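One chain, chain A, links the two complexes that follow: it is found with chain B in the first and with chain C in the second.
What follows is the complex of A and B.
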């Protein structure tokens, strides 16, 4: 069977779309290569040239496949699989001749479209992917139907009405099982904070307006200055850069300590965006989490595998201090590294004046507050003794500068201290009931040890209290605020639209992406609880439908069997019908009447003719004239009836 | 039967079994409407592949804990399930009825026709006759279906079961139905030109031939009556037996076509000649009749008469 030319165009465009959707899985040269192959196919196809020979295509495919193999280590197994699949699909299309080839093509398309969801879960992109699915389904239909057959939209609509409940019912009720085996994850650059904290890394991050995670609270949300979302602990300092200690990288779980004597337990749920990292977010000290995450050492929440798609988890936590875990932890947080001599001197002086860590911290705050220190998104570049330069020279910095300087001063003064990386604050959307935390809210602060407990201290609060109490924008000058806005986002309408989309996306992620076996069990429980109610409703509905059927059947039945004209005649003839035999037809009876009564013959014959016309031709005109005739001859009919009575 | 290989024999057995089953389920009728008990549905090969796709999607969605892939998987599954209903609805309600019997000669094309009608639309239907290779595809339903095949032997035959199948809408399921209709077709003997007296057998060397006028000598063929054997000739030439044959020569009985009582190949030959005679007689427009060993059709003319005569020949 020949393949309609139209379908080839559709497939080429569809494959271009899939290529764009899977773009993260492809290196630039692959994108270029695949796209050019597709464009070539489109051009040759539209200009009516025949498909390329199979041998040549196989050769091309083999060469590219080998090139992809060499790239296997860089791209990872999942990406490699997608690359090979798309390569196969494109080559199939290039040499497409028979309809059975096309069937394989459509099959592979379905699979590729499904794989797009590994990369994208946003609502808008998901809609685009479902659209691609529809296009593929359309081409699937025409692969089997001759092009003379038109899609019947009426029937399609009806089918949709059946499919929708079936589809959603299966999604909601079909049992969910845990993953069968470990699967390769897509190798994609991670987003958000990282294992190292350079002076300057957070400034880069806050220019990113994308969402980091959302949080919902059971009860009222904590106040803005309590929202310190801990994500990373930086404990190794090399004089310039902070790094995560090796202890934190292993999968140690935090020993299960139940916070003693605390009543202010917090319950909240986090819906984290895909970051391709292990570290997640928590407030203060979490005590219980669910799903695929665990509480690692230092009270950080981590995922079992890199977060490659949106995940949600429930946290129970207490707003208490985190205790010292081991003596080793104290030791590593006293290391001051080499360099930054001025800072160390300054710290020792402070230590002499202030004996307790609390007083020391107060003094540091006062120092930042009273001297002219500036909070800026664009601090000057720093050299190797970065903290000396910042504290005594440039005096302009972002949160990471203040945090690392403070941590070093505290360490030099003999107080164990570390830098904490995470997010501070967030935008609360009261109507939707969630807190949106964007990359913009990335922040760094300090924890110091006192009486074997880690206390939180945020030096940025001393320099730019607005940052903590309100938002980043309010702490910056107008000029620097401009830097955060990228071009078109300034339009208020567009910003509004974006916000609405974010809210929609929130519901999408809660109801669609976040739907898990817990929700499903809840649905089943609900169904079981209300089983009688459901059964009653269902049977009532069925009974109503049945009654409706019976009623319409009953109404239509007599009309169908006896024609209106027959009914009319029966009514008019009345008692005359007594002489009609049961098996005699009405028109035969009328003819018999006309034979019996020669005087009435003429009009009876006419009556018979129009009766026959009305019944057998289903003629409405004849029915009308029949009525007229009956009316005109009502007197004669009366005579006839009387004559019957007399005999 | 013996030169069939094992697979073919197995198929024969299978088909025997199926047709017994079908005969019980649907005896032949003059009008048959496709209803639930006549329609079978099973996935096509592509349907199985599609099912595999659904399973793969489910594995992918479960292993990635990705609800969107699961959504797509369930959507595919609902399409898969719905196409059963659509495929069935596309077949049901189709009414087949018998038409005028087809007729033709042995070794020529015979084109039996059946009438199709329905209250709704049917798409992508395929018609074929059981154990015939011809496949008729109809994107949309037409008034009738005309098959075509070559007649193998003469006679009156019932049309084999008609296989109607459809893969509407996605080629995932095939609905099919074997329908027996009370439809017959006729295969008449192929017309063959007359054997004249002077060809075939040379009788010139025997002027005192025992051959009577109106008779002719032909080589013996299996089935020829022994009573017609020319024994004298057989004694002289035992390897070429000759029979005396009563010929329906036009001059003897100009408007009577006579088929003598013979069997086997000799009968076939006589029938073929008779067929030719009937056709030529009908062309001349004269009245003619047919004399068969057990039956005589009175003289008449016209296409109906010719048809009647040909049918008698086919049945003889």
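What follows is the complex of A and C.
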């Protein structure tokens, strides 16, 4: 049987959609190649030209497969597998002629659609994937029943109705099995802060409006000026850039800090977006975490593997200072590197005037505050002695400038100090009860060591206190604010819509993506607790359904043999009756049927006889034999029904 | 018995060529103990059919040619003074026969027509205050010309209602007429009739008719047909007498078709001939517009 024309169109569009959904797995040239193959197929198909010959398609497939193989190292195993699979599907479509060729193709489509979840966990994309799934389901029914339009829609709808509760049940109750195989990590650029902090890296983040993570608190959220989300410790300074020390990159866990006698007073949950980095976020001093994360050295929270999907974890911690772990840590944080002579001089002078680190810090604050220092997102370019130039020349910069300058001054004055990279503040949504922290909340500040404790000091607060107390926007001039806003954001309605979507996405991540073993066990526990209630509800429901059945049977019950026979034959003939005129008697209709289908004539005549006996003569025996005849001839009836449908 | 009836039917078909359906309906009318009205143009063979029917049933029959000056007394008879016995003696009219052939019934005056009316319904006549029963069985087979013909006076609705069936033979088809001309002979075609039903056989058959089974759903269907006529204002509503007639006719039709139950097709078959002249007395028998309308508009689920 030839493949129905509409099916090829549907599949070409579907494959284009899958290609777009999986675009992260494809290099640009592959996207272009695959898309052009599909568009070519679509155009030739719609203009009625036949499919390409199998030999040519095989040749094309082989060439492209070899090219993909050469690219294997760049794209990684997972992406390569997806590429090969999609290539196979596209080439199959190019050469598609008969409907039996297409049967595997539908199943491959299901697999490809499912694999889109490797790349996306968003709610919107999930909806799109679900739509693609529905389209494929429809095409599946279309493939097997091309002429029965009603059947395709009915079956698709029915399947979805069956699938949805099944999905929900599996999602809620089926035990979470660890993956059978490791999904190779996709090689995708990471987002957010990085191992290196140079003046300018945060500037780029500030222009990025996307979400970094969300946080929910047990109890009231801390005030804005306490929300310093630590993510990176920059301790190596080369005179211009700050880098993460190699010690922090290993997987050492933080020594047990509960011994220090601090009491945990904070509990919160972080839902972090995919960043393809190990480093996550925490306030002050975390003491306990769950899921796939651990507390690394320096009190930073890290993930066991790069965060390639949105993850959520629970943190218990104290809002206290972080203790010095090793003496080595002190030594590292005293290195001032070469250059920046002016700054070093300035620092030594300050050190002579102020003996304690606290006084020193106050002096630095005063310096920034009283002198002409400006907070700006567009500072002038700096030369090789960048901190000298910033402190004494340009005097304009943003958090990373102030933080690195302060850290250097402190180090030069003999106080161990380091730059901390992370996020400051966030947007609190009181109704939904979560804090949204975007990339633009990226911030850098300083920690200095005093009496074996690391103290937090944010020099930016001295220059632009609004940045800390309120938000980034308030610290900027109007002109700078406008620069931050992309055009469409100005529309209030759209902004509102975007916000609502973000909230929806939040619930999605909390209730769907964040649903884990613990939640599941909780559900089972709950179920067990309310077992009697559930049993009662279930029985009542069953009883109601049963009563409904009985009632509907009772209402449609055959009053006598006449009625029963009429009902019986109406039910059995079903769609055949569509071709019966309303005023035509059933026997006349049966006679007409047997005239139309001479091969079915004999049993139809017998059927008519029994029917008439049952209906017009109240003959119960005839009713029984009518039932028997209908049962025996059910296959023939089916054939008849089909023949009517096809005409 | 039924076989004999079918023999008679076959025989009749040799006399009246090419009209098997009308013949079956006419027999059906007689089995249902109804009176039959044949309406046609002159020369279509209605008198022949009436004759043939009466002949085949083996009953005594009298024929009355209705004219405008026919008096009721000519029909039912009268008391005549016998001078010899010095008493009034009843001289029975032609109505005292088992089959009355009323030829061209619509030529008679309404007065005479209504005299027939009593006889048809009550199966008795009253003369000079004395009621006399008519013989059993008593059929009236009447023929009439279409109403637009000169010198006719329409039968009143009440009288039309007393005829169970109204049939029209219509023109024979070409083949039948060809045969008719071919066999043309000076002898009456009625001589062809060899198969006859005797009185006992007829009675037995007539007694079987009411015993034919009519199921509830069939009666429901019949009633929905009747009700359809009552809900419309472009036709006369069908009376309960009409619905009784329809059912009786359908039963007889089922009997002729060798069944012991009535099916929906029986009802649909007889309905136009039983109902049309009741729905519209002025209609011509060749058409069955209103009854077809009702049949089309009423859904049949059995």
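Operating definition for what follows: the second predicted complex is superposed on the first by the 516 of 647 C-alpha atoms of A that agree within 3 Å, B and C clash if a C-alpha of one lies under 4 Å from a C-alpha of the other, contacts with A are read in each partner's own complex, and residues count from 1 in each chain.
By definition in this document, contacts are C-beta pairs under 8 Å (C-beta built on N, C-alpha and C of every residue); 3 or more make two chains touch, one makes a residue touch a chain.
In this text, all values refer to a predicted model and were calculated from it rather than measured experimentally.
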Partner chain in contact with A:159 - chain B first, chain C second, else both or neither: first
Which of chain B and chain C A:148 touches, first, second, both or neither: first
Which of chain B and chain C A:586 touches, first, second, both or neither: second
Contacts of A:139 with chain B and chain C, given as first, second, both or neither: neither
Greater chain A contact set [chain C / chain B]: B
Touched partner set for A:111, first chain B, second chain C, both or neither: first
First (chain B), second (chain C), both or neither touched by A:618: second
Contacts of A:515 with chain B and chain C, given as first, second, both or neither: first
Partner chain in contact with A:176 - chain B first, chain C second, else both or neither: first
For the chain C and chain A complex, residues of the former touching the latter: 213-218, 259-265, 268, 295-302
Touching residues (chain side chain B, partner chain A) in the complex: 46, 49-50, 53, 56-57, 59-79, 81-82, 85-86, 121, 123-124, 137, 139-140, 167-171
Chain A - residues contacting chain C, complex: 559-560, 562-563, 566, 570, 582-588, 612-613, 615-618
List of chain A residues in touch with chain B within their complex: 103, 107, 110-111, 113-115, 117-118, 121, 126, 129-130, 133, 137, 140-141, 143-146, 148-149, 152, 155, 159, 162-163, 166-167, 170-171, 174, 176-181, 183, 292, 308-309, 512-516
